[in-house]
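What follows is subunit A paired twice: with subunit B in the first complex and subunit C in the second.
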Partner chain A sequence: MQTEWFSLLPLIILATGGSVIFCLGAFLRRQESTALLFGLAVVTCLASGGSAVSFRNLPGQLSGLLAIDVFSSFYTVLFATITLITLLLSYQYAKNRGFFGDEFLGIILFAAAGMVLIAASIHWLPFFLGLEMVSISLYVLIAMRRGDSLAIEAAVKYFTMGAVASAFVVFGIAMLYGATGTLDIMKSLDVGGHVDNRFLLLFGLCLILVGLCFKISLVPFHLWTPDVYQGAPAPITAFLATGTKVALLSMFVRLAVYGGDSVGAVFAPAVWIMAALTMVVGNITALAQTQIKRLLAYSSIAQMGYMMMALLAFKHQGPAAVIFYSVVYAFTDLGAFGTVGLLSPNNSDRDAIADYKGLGYAQPAKAALLTLCVFSLAGLPTTAGFIGKFVLFRAALDANFIGLAMIGILMAILSLYFYLNIVVVLYMRPAEKTTALKTTGNEAILACFLIATIIFSLGLFPSFTLTVIEQIVDHISNP
Partner chain B sequence: MIPFPLLSFIIFWPLAGGLFVLAFWRYPKAARRIALAVALVEVILVASLFSLDLHLNGTDGWLLREDFSWIPQYGVRYSLGLDGINLTLVSLSALLGVMSILASWKQISERVAVFHVMLLFSQTAVMGVFLATDLFLFYLFWEMQLLPMLFLIGIWGHEKRIYAALKFFLFNIAGGLLMLAALIGIYLVHGRQTGDYTFALSHLMQAKPAPMLEMWLYSAFLLAFAIKIPIFPLHGWLPDAHTEAPTAGSIILAGLLLKTGAYALLRIAIPLFPVASHRFMPLLLILGLVGIVYASLVALGQKDMKRLVAYSSIGHMGLIVLALAVWDSLTLSGAVLQMVNHGLTTAALFMMVGMLDERFHTRTLADFGGLWKSMPRFSAFFLLFAMASLGLPGLNNFVSEFLILVGVFRAHPLVGSLAFCSIVFTLIYVLKLVQDTLAGPIKHQHCRDISPRELAILLTLSLLVIGIGLCPQPILTLLQDPVQRLIDQTGAMPLPGTNLMPAK
Partner chain C sequence: MIVSYGEVLGLAVCLFFMGMICVATRRNLIMILIGVEIMLNASGIAFVGAALRWRSLDGQAFVLFLMAVAAAEVAVGLALIVYAHRHTGTINGDKYNLMKG
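Up next, the complex of A and B:
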């Protein structure tokens, strides 16, 4: 009993940290307390990630609701890192724009707790709880810049879409419960055991998947993505694009592994079509973009398509590939959106791609990081993105999804054009006007450094991460 | 005790040196000198390879080998191997690295440090391509070549540089990514057949994919390499890239990057898929032949000297393609030698066009004339390299072209004769180039003849051109064993008409 509660520590730390920051914020004056609160939030992330590392081998099963094991510990560390980098990237950004405060930090931590909850759930209820925690936190975060009408519009859009998606999910869960009489995720996916209610079961699952596809913006459920990504403040977009999607991808992996052949056979054609559509529409639409956040939004849609392609290979190395790529994707997109934020002048985000002319020389370090992230998204060698793409395509080809892989390769070739365009603008077109930016704070520099290190180390020495991922996939496949 | 990893050192020394140069971005002069020093040390490192016992034929035919586990999950190893073939090409790379830095001494005045970093990076990538024996590693270097060149053309190029840079990059990466798919394909086939998932070239050669699959896989590899060589009709990116690139970029591009394509076809694509490549041989023969004729005809019509040299490159590479298509010891030795020779002469010609460009800010043929009188020393060298390029006996290209033509004629008399006739076209455009620039009335009165720096470059290259022309035997001896080994591995390509599948 003792160990069980102990194993929840990463979650507890995140939630407590968030609450403490809220309380302190009520008593302290805003101007004086920013550094203190920020420090507290950073410590919370570190402590949560650290405790997850040290308790990873505890056999924690919380009354059939949560499984605190290597799988969830891995994700906890990942989310703690994502949150930490988001915090580092947004400190100065938010302070300069006047929305930094206790509520900002607290909500980010709550969102992180929600993500951990999603990754740890083995029961539909905590999963839904986590999903809502993340979503509601993000509605607020997106609208944080209250004066900005684009941000408000984005928040409303995200809210509407999110609410509809949640409705789908919760309705689906109800159907599953009706069909199988259990909310345990693994048992509820047992098609063979509930032959009589097979249709109801699959219909419920279908609704859940529709909801989840909204959240990770697969085509045709992607239409909200560019607007929301464009409207939200850049570091929040980074958090939204990486944290949420990685959390839900962990759920996709779990469903694919638990569902196995019986579920996979039913949904494979649909996933095939969605993966193909997502890769094609995401990349082709990105070609036409003139604004960097919209471009990155479509690029992130396309990246989801590649992952869905590998997920189809759930019997081969698909799950491991998806997990590895979601790590790669998380840090790459954090870096991309993060540098957009760092390169932005004070009043708004630097959104038009044409405004990046000559920045490669005016802001060499940040532009270099943006370039690195773009190369990683494009999957060029020595970056993490290359190993990621390799792992994905290997899994898909191994499972004989040759047609889909070919679509993916062709789209990857196409995508190079718009990725390179960013590099061309940064380095090869002369600047028309120079706008002085405020000097970047040390915390943001640290974040950039972390991201660059991670991208290179995953690109050159992926072996360690791959081993860990193999272990955790193994763990959830053979409980 | 691990022996000193000399090959890795050769590959990564320019990269490390480049990072060091980057630290001097505020001091262009220092950066330039340090870059030169780095490139010179690289030459010394490569020269030290010749102290090895070059006739040693180890267990698997490598003179020097490095092999470490890298990503064990996917059977990826960091493995390098040196034999006579890549030794010659590595030497060429080291030499042209120095030349490219010297060639841009006066031409590049903006962002000097970064420029040299890019030159050194591309040297690392090219060395890696030549030395890698693990296909994953090879692929990594293969794609890495593109990035420095993208920046070299795109930042320091001429007017239409961005268009040219993007075209270069997209053409090549398209081939590269398709090759990646095929690479994973052959890897999975081998893994399923033997249970051993590996990217080692020597292991993958044992894989036996189904005939239809082998055709597809080979096509993907061939496409990637053919774009890089470039084989007609995939050459569209090359003239633009050369025209827009700075001189050093052209040297690296023509001297090294094109060679990686031919080398990869020779070392990887054909040995990996002997049956499919045998079926494709007629196609390669035709395309090689068409390439020579087409490139020569188009070169004849060029007004821009750099474009003319670029098209001549396509023609010379066409000859290499013919040589590879015939696939016997004579033509293969000729092909590798031709790679080196073409690297030397074309680099020299690009450099000399660059020198003219620096002086007169034009490369249009019509703007020149009478250089023989106004710049006698320059003209003498120009004539020498032009003659080498059209294959004058006694100069380097003659040897390799002769080997190739004899080999091709022996295997396919008709193709050989046609190839021989097509060399005449080469003669025409080279003579036109020489006539338009050196002869005729003087167009520019006061012009500097070559400076000591330029003299040093040209003298080095011309010594090599004459040296190889008069005494090619040391290089041919070096190539003999590895070429024979390649042929043994694939089985001799039977003549067309005899319907024998090569024994494997």
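Up next, the complex of A and C:
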């Protein structure tokens, strides 16, 4: 197999960018170098995304470890954009709170490289390395803000949960390897002639799925999510809620497409139950929340449930619907958590929903973006969330999961209550106290503009993205 | 092979569940970290056993990476525990309960 080293450029650029920023940070003074390092990180993201676009048609397979094809290029562009928006949103936030520096930027870039690695891997080894790169980076990022008790607690919780989940995944991979003798993801899902190894294979897959469900917080593995999302600094929560989950969903799509025929029937009932539970528990618990980051955390749990529902339809439109919705989800949640960060005063995040009273008039632009994201999460028409939910439910109905789709639709209707409640608080309740916010920097305004454009364009003109995604799914299902 | 793959697998599964019980029952953060390490090393044993079973090097290569990753995880984990201990004065996992709901 011809190894085209430059097909790896998107990954190399991200990793090199992170390393260069660390090296420069050792020599430059912190106060003077923030703009330079920030610029470098932004350029790294752009270069990585750009190179992925230009190499999308390479038939690059790197010694059976990574596949650099349309699937991974699509995800590389997506992760580069997510990282870019996170950087733009967190620049001022982190600077005002005194934790902006080379380590902050470098670690974000390493996490992005890990996400790209997860999406590109066709072998369990790079997948595991990518998963650990993302997780270890995030343990550090969550605790980045010094002296913040909530952030420490969030980091400790995320670390214990994440480490246990990683151990489950690795042990599962070891079992798959023991059963099939290969670490190639596609081959390892099929026992072929060795029927006596089937139990070992299923046991291994069970462990891997438990580990992955921890990481994307499906019920009953979701208990860490609200605490971690509440405790982490808001832009980091945005990164954590979107990047990690989208990366792991790409792995779920791969597993469903590769292993659907051989082991899909065994796991379908479990996934059915988890999807139903996730939608019900996520939405109903969100009803009782009084803090916005916890509410968004439960809402993100519920969104995972919708996606698991569509994943069950892996023989129909399911994978394409999941990929499309994960794009929608990524930008919507980036916008939601990002605006929470932008609306927060310097001492702590603006967390209680009651504190948002009247902000629609005091901070019209940011409140408008928050409203747009909330509408998109609720799935109201003209936003991306509407089209996203539509393709998800259509996939589930096409595959005859009518009961599950009914539960989902009922829960989506129920969820309107708490989403619209945020909008009511923003616009229809008079402000009680006003806290002066520092003026928002241009880079954050650019990020908000990007998010709003993407949400509207996916909502109004989804056909281009949907066609691209269908080609991608075709590509990985017929290698 | 003097020791069959089944026996290696048995040992690995035992160790894995012992590690899991350690994580689930201990409240001391350092003991939880040790439990996770036991789970990771149990997978290492399973990998080496499987590599011998299939006469392939993939599993042994995986173990090398696994050791490096486990070391990185412990480094970050211990740093986090020290930092948390300085701030809150405890390494009892149950004392980290500011957030509820």
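We adopt the following convention: the second predicted complex is superposed on the first by the 472 of 479 C-alpha atoms of A that agree within 3 Å, B and C clash if a C-alpha of one lies under 4 Å from a C-alpha of the other, contacts with A are read in each partner's own complex, and residues count from 1 in each chain.
Following the convention adopted for this analysis, a residue touches a chain if its C-beta (ideal position, glycine included) is under 8 Å from a C-beta of that chain, and two chains touch if they have at least 3 such contacts.
Treat the numbers as computed from the prediction; the structure is a model and nothing was measured.
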item	value
Greater residue coverage of subunit A in the superposed arrangement, subunit B or subunit C	C
Touched partner set for A:175, first subunit B, second subunit C, both or neither	second
First, second, both or neither for A:294, with subunit B first and subunit C second	second
Which superposed partner A:231 touches (first subunit B, second subunit C, both, neither)	second
Which of subunit B and subunit C A:266 touches, first, second, both or neither	neither
First, second, both or neither for A:24, with subunit B first and subunit C second	neither
Partner chain(s) touched by A:206 [first = subunit B, second = subunit C, both, neither]	neither
Partner chain(s) touched by A:153 [first = subunit B, second = subunit C, both, neither]	second
Subunit A residues contacted in one complex by subunit B, in the other by subunit C	none
Touch list for subunit A against partner subunit B, complex	361, 375, 380-382, 386-387, 390-391, 393-394, 397-398, 405-406, 409, 412-413, 416-417, 420, 423-424, 427-429, 462-463, 466-467, 470
Residues of subunit C touching subunit A in the complex	5, 9, 12, 16, 19-20, 23, 29, 32-33, 36, 39-40, 42-44, 46-47, 49-51, 53-54, 56, 58-59, 61-62, 65-66, 69, 72-73, 76-77, 80-81, 83-84, 87-88, 93, 96-99, 101
Residues of subunit B that touch subunit A when the two form their complex	70-74, 111, 139-141, 143-144, 147, 150-151, 154-155, 161-162, 165-166, 169-170, 173-174, 177-178, 180-181, 184-185, 187-188
Complex interface listing, subunit A residues touching subunit C	124-125, 128-129, 132, 136, 139-140, 143, 147, 149-150, 152-157, 159-160, 163-164, 166-168, 170-171, 173-175, 177-178, 181-183, 200, 226-227, 230-231, 288-291, 294
